[in-house]
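Each chain gets a letter, A, B, C and D, in the order it is written, and its residues are counted from 1.
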């Protein structure tokens, strides 16, 4: 049995759809329990994230998957507020050797999504985690990883309704990432 | 006459000291007017920065210098909240062709400070700005750029009192950056 | 009068087409002289780039635009060999205050092109240059910046013939970058 | 039994010393066999790395640790030439699920070493590997990770003789990284 937590911020609902796809992928692996955790603006007081219960839940997980839209060249500030609030877990290295992975969305094919994934990676490194790559070549008939990302899952969404974007291909990409992390989490136990 | 604005977040006061040094450097150039603007937690509501007056002040500047401590592998969340709130200026490309530069502080010689400066650079690029390098070789007798940074000014501070850290060398590095940006801002007018 | 040099490596000819477009854009600005310089494998001996004449030409330029395909998550090794060979110009800071910009190509919409542009930026920073953003919003009717890049020009090409890829939109993106750098180079003189 | 390969380029011998320390750490774990592989300039023809035997050796490894000095803001070109030559292994995803880690050296405390480690990470991601963090907090009495790096091992060396730099603390940091990767490689089998 291994626990995979997905923690994400979603502004307009698109990232939530992708987070649900990642969870679906993780939950499809037998022996996996999942937590799908949304970062709420209400939990941010003067720029500081204060929901300690969420952080405890992550402390108990075997793998943590980070998700946020790319806003202004990096992860949404709400995600960063959460990240800054993990300093206690960092100081005690509670996440050491856990698996980490990530996903992000923006309105352009490239945008600065690689920069957001790089931040997720650096953040995970500071927690002494292991970073799991997406593991899917682009150019497949099913459209998985159509944007061509290696460090995590990328999806495209702008002002469209959330039942249209992210599209089926991007959600399938998220599912594959969730399943991959789940499988590796079991192997690492 | 050119206007150089320094906008920064400081958690424990160290980044404020460095910001003051940057301002001192910029103000030392004749023909320059400076704004030293602190990002306040009170201006962040549910994770969103709401002080439109600050953003208007930046819209009117010729150069903008960004500053934040490196927390958990990136700029402090409070800075990111400010960055996300510039989306209106971005959409209208109000900062196009302005100069940009940056500085950051963390508790270790390297830390993830380069990652924070890279974020500042990507953020400035999305605003169609020009990024100004630090312009100082390390290894000089006066200790300027002792940490060896190219993309902006780096300083070292952890739990020390703010009259001890950042030290004189790091503050001089900040001054040099401020003066450099100011000189180039005049040239670009 | 200002000199804009474009220095690039092209493996299969696609990056050369984009480099020509960048040059066309720069040359379209009156008062600009351009150098279009290809990095040749023959000039790399045991992994070291040895063409000093090229580096002297860059020393005499007002702006330098870097171009390379993204191979295995970064600029092609041939470009990096050239970059490493600029250590003399770096030591003497001969490129200080020159303008810099960049472009890259890969086979997927995102790929790791942002990483290549970030390298170009860091490299330019070490030379104490000023980095010029692309300056074009994506989503325009003419298709300029269709991939959504801020730090430089991105184009798409894989195994297609070089008269097909990069396509007209990507070449127009390159032209715009060349013209932008040229205009700013005149302003900086 | 698991195989850990260390592949590195060393220009002046400092990176070789660090590579040997990493190997020592890996070899100290029982059940581990190591390969210490130097990238030679002689194997680079017109900028292309041609030693297929090395790449086959890596194809057979369980973990691969990358090492290069940071030259002009990125990994030495010779390392990049090697990286570009792994395109066949990449196309066939022969390194999928292998562990990866990295180390780098430059002459200044920060320098652009984080950028080099980020490149290693992106490169490993494209090979669908798992990236192993350094896993050591800075500020320890033994001086391990004295520069404050999370994504890999960083060391300091400039023009000093190779019996002086990297120093004992930096070599111990390398050893710790080697041992960490080796332990995780056994766990993953």
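Here, contacts are C-beta pairs under 8 Å (C-beta built on N, C-alpha and C of every residue); 3 or more make two chains touch, one makes a residue touch a chain.
As the structure is a prediction and not an experimental result, all values here were calculated from the model.
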item	value
Longest centre-to-centre distance from subunit D, chain (CA-based)	B
Interface with more contacting C-beta pairs, comparing A-D to B-D	A-D
Centre-of-Cα separation between subunit D and subunit A, whole angstrom	27
Subunit B-subunit D separation of Cα centroids, rounded to whole Å	33
Per-residue multi-chain contacts in subunit C, two or more chains	73, 112, 114-115, 118, 122, 125-126, 150
Residues on subunit A engaged by subunit B in the complex (per definition of touch)	41-42, 44, 46-49, 71-78, 80-81, 83-84, 86-87, 90, 112, 115, 118-119, 122-123, 125-126
Touching residues on subunit A, where the partner in the complex is subunit C	73, 106-115, 118, 138-139, 146-150, 154
Complex contact set, residues of subunit B against subunit C	93, 96-97, 99, 114, 118, 121-122, 124-137, 150-151, 184, 187-188
